[in-house]
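Note that the chains take the letters A, B, C and D in the order they are written out, and that residue 1 is the start of every chain.
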Amino acid sequence: MVGPIYIIAIALGTAFSLGFFKNANRNISFSLMFLAMAFLTFISGQWLYAFLTQQQETIQIFTAGFKPPFSISLQMGFHEAVFLTMINSLGLLSAIYLFDHLREKGVNMMMVFMLLFMGLNVVVMTRDIFNLFVFLEISSIALVGLIILEKKQDAISSGFKYLIASGVISGILLIGIVATYYYSGSLYINDLISANLSLVKGGSVAVFLIMIAVILELKPFPANGWALDVYQSVNAGIGPIISGGIATASLFILYKLLPIGGDAWLLPIGITGVISFLGSNFLGIKQKSSNRILAYSSISQVGLLMIIMSLSTSLGDKFEFVFFSVLISQYLAKAGLFWIAGIINKDEIDDWNILKKSPGLIVLVGIFMFTLLGLPPFPAFYGKWELIMNLSQSGNFVWVGIILLGSLFEAIYLLRWFGKILIKQDNLEDLKIKFHKLIPVIFVSFAILLFSYLTAKWSGLIGIKYYIPFIIALLIFAFDFLPVFIKNIAAISTVAWYSYVLIYQTYIPENDILRIVFGSIFLIGAIIMLIPGFTFKGKRQGFYPLVILMFSGLAGLIEARTTFQFFFAWEIMTLASYLLIIRGKNAVKPSFNYILFSMAGAFTMFAGFGLAFAETGSISLNALADVLVYANWAYALIAIGFLVKIAAFGVHIWLPSSYAEADDDVTSMISAILIKSGVFGLIILMLSMSLKNAVSPNIPYVLGWIGAIGALIGNMMAIYQEDVKKLIAYSSIGIMGYILFALSMMSHMGWLTAFTYSIVHFLYKGLLFLAIAGVIYRTQTRNIYEMGGLIKRMPLSFISVLIGIITLAGMPPLAGFAGKWMFYNAVIMKGWYLQGAIVFFSGIVAFLYCFKLIHNIFLGPLKDNHRKLKEASIWWLIPQFILIIGIMVISVYPKIVVEPIGQYLSMYFPNDGLVWDGTTASTRLGYWDATKIMTVFAGMFGVLFIILYSMSRKTQLVEQFNIVFQGERPERPETTHYAHNMYAPYNKALGFLTAPFITSAWKFVYESIHSISDQVRKFYTGNGQTYAMHIIIYVVVFYLFINGGF
Amino acid sequence: MVKNSFIFLVLIGLAAILLNLFAGFNGSTELGTIAAHYASKGIEEVGSANLVTSVVVSYRGLDTLGEVTILFLSAAIIGFFLKVDNTDNKNRQLKYTSEILNTASQVLVPIMLLFGAYVFINGHLSPGGGFQGGAIIASGLVLMFIAQPKKEMGHKMINIVESVSGVSFVLLGVAGILFASGFLDNKILSLGKFGTLFSAGIIPIIYILVGLKVGSELTGIALSLKENQNEA
Amino acid sequence: MENITLQNISLAIGILVILIGLWGLLTQKNLIKIVIGFALFDTGIHIVMVSIGYIKNRTAPIIDSAVDMNNASNLVVDPIPQALVLTAIVIGLGITALMLSYVLKMYQKKKSLDITNYKDLKW
Amino acid sequence: MKILYVLFSFFIILNYGLLQTGFIRRITARVGKRIGVPFYQPYIDLVKNYAIRSQFSHGVMFYLGPVFRLSGGIGIFLFMPLIYGNEMFSNFSMSGDLILILYFMFIGMLGMALGAGEGGHPYSIIGITRGLSQFTTIEVPMTLAVISIAAQYQTLSISEIVAAQQGGFMNWTIMTNPLATAAAMLAFLGMIGYAPFNVVNAPQENPLGPPTEFHGTFLGMLQTNRVILHVIESILFMNLFFGGATNWLALIVKAFIIYFYAVFIGTVFPRFRIDQSIKWFLFIPTILGILAVIFIS
């Protein structure tokens, strides 16, 4: 194998000899440099390979033919190999990326580029502290050179700031080194470690100076203004070198020198990391410039890595996994984002929607951002999981909180940015992409995918089958050029196969009712909701992979056996649904709310799982039952995550606009199916925790009230909506309120109600949304007052909506009544009379918007411009009628569904169940015979209809204009048509109930965070002196913090 | 002034830290083990009378390589940064320099160059060495620039010297791996008779290279600065 | 009066120069003066380094007629800090030169030497 | 067999309803210093309306509307036990309990609303929205009262509630749970729909409201429904709060008194606007209902 020493020889030799080519052809000199970089990469790569495959020993390389400590020695071990490979391959890719710049700027810059990486290599390898100083200087000076690659004014001034700052820092480091030499008599790092200077009086200070200098090299918040300015001003090709190369090397220096400081330094470093992570993410919120955002983000990531490093002892053998998964993913993703920023070459993130021109790049940006955010399936996810679990196990709940909060801030700015990319805008100038700039980006993205797979395997947390959906999604993505029709068939058949395997083969034999019910809602529902996809023309790029991912996430929830698998599936599902929603026309802002709330909820859930793990030490879902001490906290935290998903009162504000703006069939998917995931989660949680007495009964009580109020507010809001989709969305909030209420009763009847509601709501909500979607598809408007009289044009849709609202309103004889009836029984048995009354009132309120829905769309006068409308497309109608059949079956013969659920529940709630006698269901309070009622009703109805029809048969149909168009202006219906601002008197009486106080409260929180961040960041004055000042203050304060005085 | 007094306070704090740093300092009386090793074994191991030289060039040769590289870097960056194209070269106006300076420089410059060469050739025997010698040479050239501002001088020559010396330095190092026990190993040549010019292995050669390199690099820097000089 | 040795004095001077340099670096508005401040700061560090290596009444680490090569380890001062300071000086030189060229360029662009005029990027 | 009994009792209820309506119209006329119609006027109207052939319709829902409406009314009748302890006259009450009755009321509302909506007349909807708005708030005290008595008797079956009230005047709900009764009786005013809560169909203000879209047989059906509904609602309240009835006589007397109380109030009070009546129902009756619930729990 080629000795590592040749890295130095080759790099230096090339750099020096480049001088010969000053006036020769620059392609030659470039290719020379490129070859050298490639060779460096090769050397480090082969060492890494050796360490990974054959048990290569760590080796020492001596220079000048003397053994250390008398001469300088280098070391090549596993960690060195990893870091060198990262750094050198980054160098190679950067060389490709910067090809045109370097060529244009000439040989000098190539030398500088070369030497930068040479310096970093030696910094990683050397075991002599002064030598380390020298080569650190080399790379930072080289960076000074690269900063002015393009001689822009701001680049020059920020380069000067950088010179001052790094000068001061290296001065401090130098003093430290000399003093260390004085106290230990050696410069060989191993000697310094064994000398443990911390005991000597001055020696401890010397160590302090070295450590603080290294920490300052890592640009800790707040002593990092200079670094930020550099990041912002440099050419985008240099950014990765700073964040991926220099920062990585500096991390390794810290790792290498940490033993000198000893364990006493772990805590300070951890705290520095926490401050950096939280601080820079917080200040990132307000940023507008893409490079600066990336700067804040990479500094925060370094902070995170410092935290991990400080936990090295407590993480034990997990340390390497956590550290490298986070480090490598941030290194890859940052590089990719910086490079894309360079390709776009627009500093303001508002201008990034130019990417609309090339969807491929958008996908890449997505991959990179979600990698940064540590979302599954990307590597950092596993690392963060282990980190949080470990932190909570060692009882550092504060740190957990801070880390999650910081991650939330990061999510805010990264996802807002992502949203800005997708904002629609006409007359974008088109974007010309140089191919050589594209190569590294693509390479990096593939590296991420590969590495995610490797980490997944390495973590051993999830089985390989969790990756099947991703493979399918990738396949469909690969065949994205096919027309919708084929892809739709593919998607449907995939889901069908999966549901066959999951439900029919797995759970029906196990007779696991809970999973059968929700599995069928998720997957069979998916099949039904995919059918309308056939109406769409064209390709519908990127739709189907996301759909597959979303439903696989849902299936994953069903299958999950450990909290990790559950959380994994949960995040997948959330992410995919977010991306599906954001595809809508004006969906950017709503989907941002959605993902923000979901992330916050996911993080609290995360913390809750951490708590559970801290107590039980197991990540199995069943282990939740054993949580006793932290029970209340864990329960509440986890529950919040689910409450967000079901849009419980207080965290409901994301739902209406997201539903309204999503594509029509997406809306029916998420409203009928996705929202049930929260219900499923709550059921799992309550089954495992609430049944034990560890959880105080107050929490379900509070949940009950939340549910009741949610039901009332949701329905109240619904009746005032003019946007038909919003109307149904608000009604969803109401129904979810019922379900939450029913669940929190923690009684047999209550849960039976919840299950029944979940099924029935799935049926009629899907039905309504599909029918409405069909109508919108034809009328091209969502304003309810611009429709009317459509019963003449689309009778079939009318029938669906009629059945839908009868079920929704819970009128006998249809299935909705079953829910209502059980509800009464449950409430009276439980004794929650007042909450119950509220829920019933809201149930009656529902009647108002039901009527508004059906009347304003289908009855009343037909609008002029709708005279020629056709019935909705068959692809919209088929699923509707499937659902109608479902409703009818349950209405006539509810027993088949309700009885097994009852048996299942009586395992947990043996008392006060439902007793079946033939078709009559009875509790100790009342009884109800759906079948008889249906027959009686049908008979009577038929008789009366026949009478009426026979009596007035030969009638002629009255056209609309046979009666007057009283007081209506067809062209401006909202002015006079009663359908606009329907229920005005109701609003006059009860409007105060629907004041948007929750929304404004959240708005206030959000905006205050922003303004605070805006104020805080003002201390980055942009003056180089101030930054140097910050550094010295940082040193002094840190000294005070460590020694508690001078 | 509030700001300055605050800065003053902070510096006081820093001073306190530094005082703590040397609290345990009471002029050392004995050499540390490593230093002692250098002092006693230095002769037969490296064979250079000037121990500092043996440390700089041999024991810690990698550092030296590094610092040469740093100078090289700065020269390259400055050369790139301050490159002047002929357009703004036209309207340069430079002050007239005095007769005395001109005459003196004509006398002095050759001597300085010669002295510089002497200093780095004898680096292993007497005080001095590559850096010192190179600095002297460079200052000689700087004197020439000052004396005759109008005189144009191309970078080509400088670059060639730089590169040649640098590359051969590296090659010598590699030769160390091939013919002796490690990178930059001194013993590829025999140590020779102690105290003579041709002794101490490759140290004199390296020092000559370093001298040339440092000289040319410093000159290059000075030259680039000079070309930007404009007293209009 | 005993402990006021040569090293201590030079060390104190070194620290003083460091502080003076920093003061200049932090308070002066003129770019050139800032660079000078930095140079002072560097020099101070070098003084400290040298004074650490010094040992009372010993001679330079050069084996010649004055130094018996067999007893060298008891006659000469520590060569290592001198070697280090050599490197350090060169590095400082490089950085200073870079700073000056930056100042030159900044002046050419904005015709101003006041650092407060160079807050192009902030926050 | 069951069917026959049901039809028989339906016949009784229908005739009684018609007579009652006639008498009430006469009484109200007298209060208004008018002569008023003869008590058999409703029969005449009914026959006439069923006899008239309507020559036009507005579409399917125009047919279904009245059918819904009437089947809602008759539905309540069908699931309502009439005579306590008498298998013959307890209809189909074995197939559904109080909840069913409460929710059956919606069907009638919906039918009316749909039918009128199909009429396509912009104004017909005004009356409907008014009706719905008011109806929701009527339900609040009603629901509270029902919960209260259900909790009191621990059952939802009407027959059992009646059974629990047997054995004398003191066992009636009005005595054992006066608050619930008060709340419910105030809600009853709204259900029957005389003043002050009759702005809903408001015969005077918007003469183009729902009823006028229907005529002939349609109108006949609606009238039939109205007649039955009033009686049945009185009977429901009788069962819930006034000890039910053990024979037809008691039933008729009690029902008439309960109904007359609504009429009485209706004739002496002016009319509320919708938002006023909403506020009213959500104020005093609701408070009474909440108190009733609290006292029970």
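In this section, a contact is a pair of C-beta atoms (placed from the backbone, for glycine too) under 8 Å apart; a residue touches a chain by one contact, two chains touch by 3 or more.
Keep in mind the model is a prediction, meaning the values are calculated, not measured.
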More contacts between chains, A-C or A-B: A-B
Separation of mean Cα positions, chain B and chain A [Å, integer]: 55
Inter-chain centre distance, chain A versus chain C - centres from mean C-alpha coordinates, in Å: 52
Centre distance in Å when chain B and chain C are each reduced to the mean of their C-alpha atoms: 16
Rounded Å distance, chain C centre to chain D centre (Cα mean): 102
Residues of chain B touching at least two other chains: 7, 11, 14, 18, 22, 25, 28, 32, 34-35, 38, 60, 63, 66-67, 70, 73-74, 77, 81
Contacts with 2+ other chains: residues of chain A: 130, 134, 137, 141, 144, 148, 151, 175, 179, 182, 1029, 1032
Set of chain C residues in contact with two or more other chains: 18, 22, 26-27, 52, 80, 84, 87, 91, 94-95, 98, 102, 105
Contact pairs between chains, per stated definition: A-B, A-C, A-D, B-C
In the complex, chain B residues that touch chain C: 4, 7-8, 11, 14-15, 18-19, 22, 25-32, 34-36, 38-40, 42-43, 49-52, 54-56, 60, 63-64, 66-67, 70-71, 73-74, 77-78, 81-82, 126-127, 129, 131, 214, 221, 224-225, 228
Complex contacts: residues of chain A adjacent to chain B: 3, 5-6, 8-9, 12-13, 15-20, 22-23, 61-66, 69-72, 105-106, 108-109, 111-112, 115, 118, 122, 126, 128, 130-131, 134-135, 137-138, 141-142, 144-145, 148, 151, 175, 179, 182-183, 185-186, 200-203, 205-206, 208-209, 1029, 1032-1033, 1035-1036, 1039-1040, 1046
Contact footprint of chain D on chain A as seen in their complex: 789, 791-792, 795, 802, 806, 809-812, 817, 820-821, 824-825, 827-828, 831, 833-834, 836-837, 840-841, 844-845, 847-848, 851, 854-855, 859-862, 920, 924-929, 932-933, 936-937, 940-941, 944-945, 948-949, 951-952, 954-958, 960, 962-963, 965-968, 977-979, 982-983, 985-986, 988-990
Chain A-facing residues of chain C, complex: 18, 22, 25-27, 31, 34, 38, 41-42, 45, 48-49, 52, 80-81, 84, 87-88, 91, 94-95, 98-99, 102-103, 105-106, 109-110, 115-116, 118-123
Chain B residues within the chain A interface of the complex: 7, 10-11, 13-14, 16-18, 20-25, 28, 32-35, 37-38, 45, 58-63, 65-67, 69-70, 72-74, 76-77, 79-81, 155-156, 159-160, 162-163, 166-167, 169-171, 173-174, 176-177, 180-187
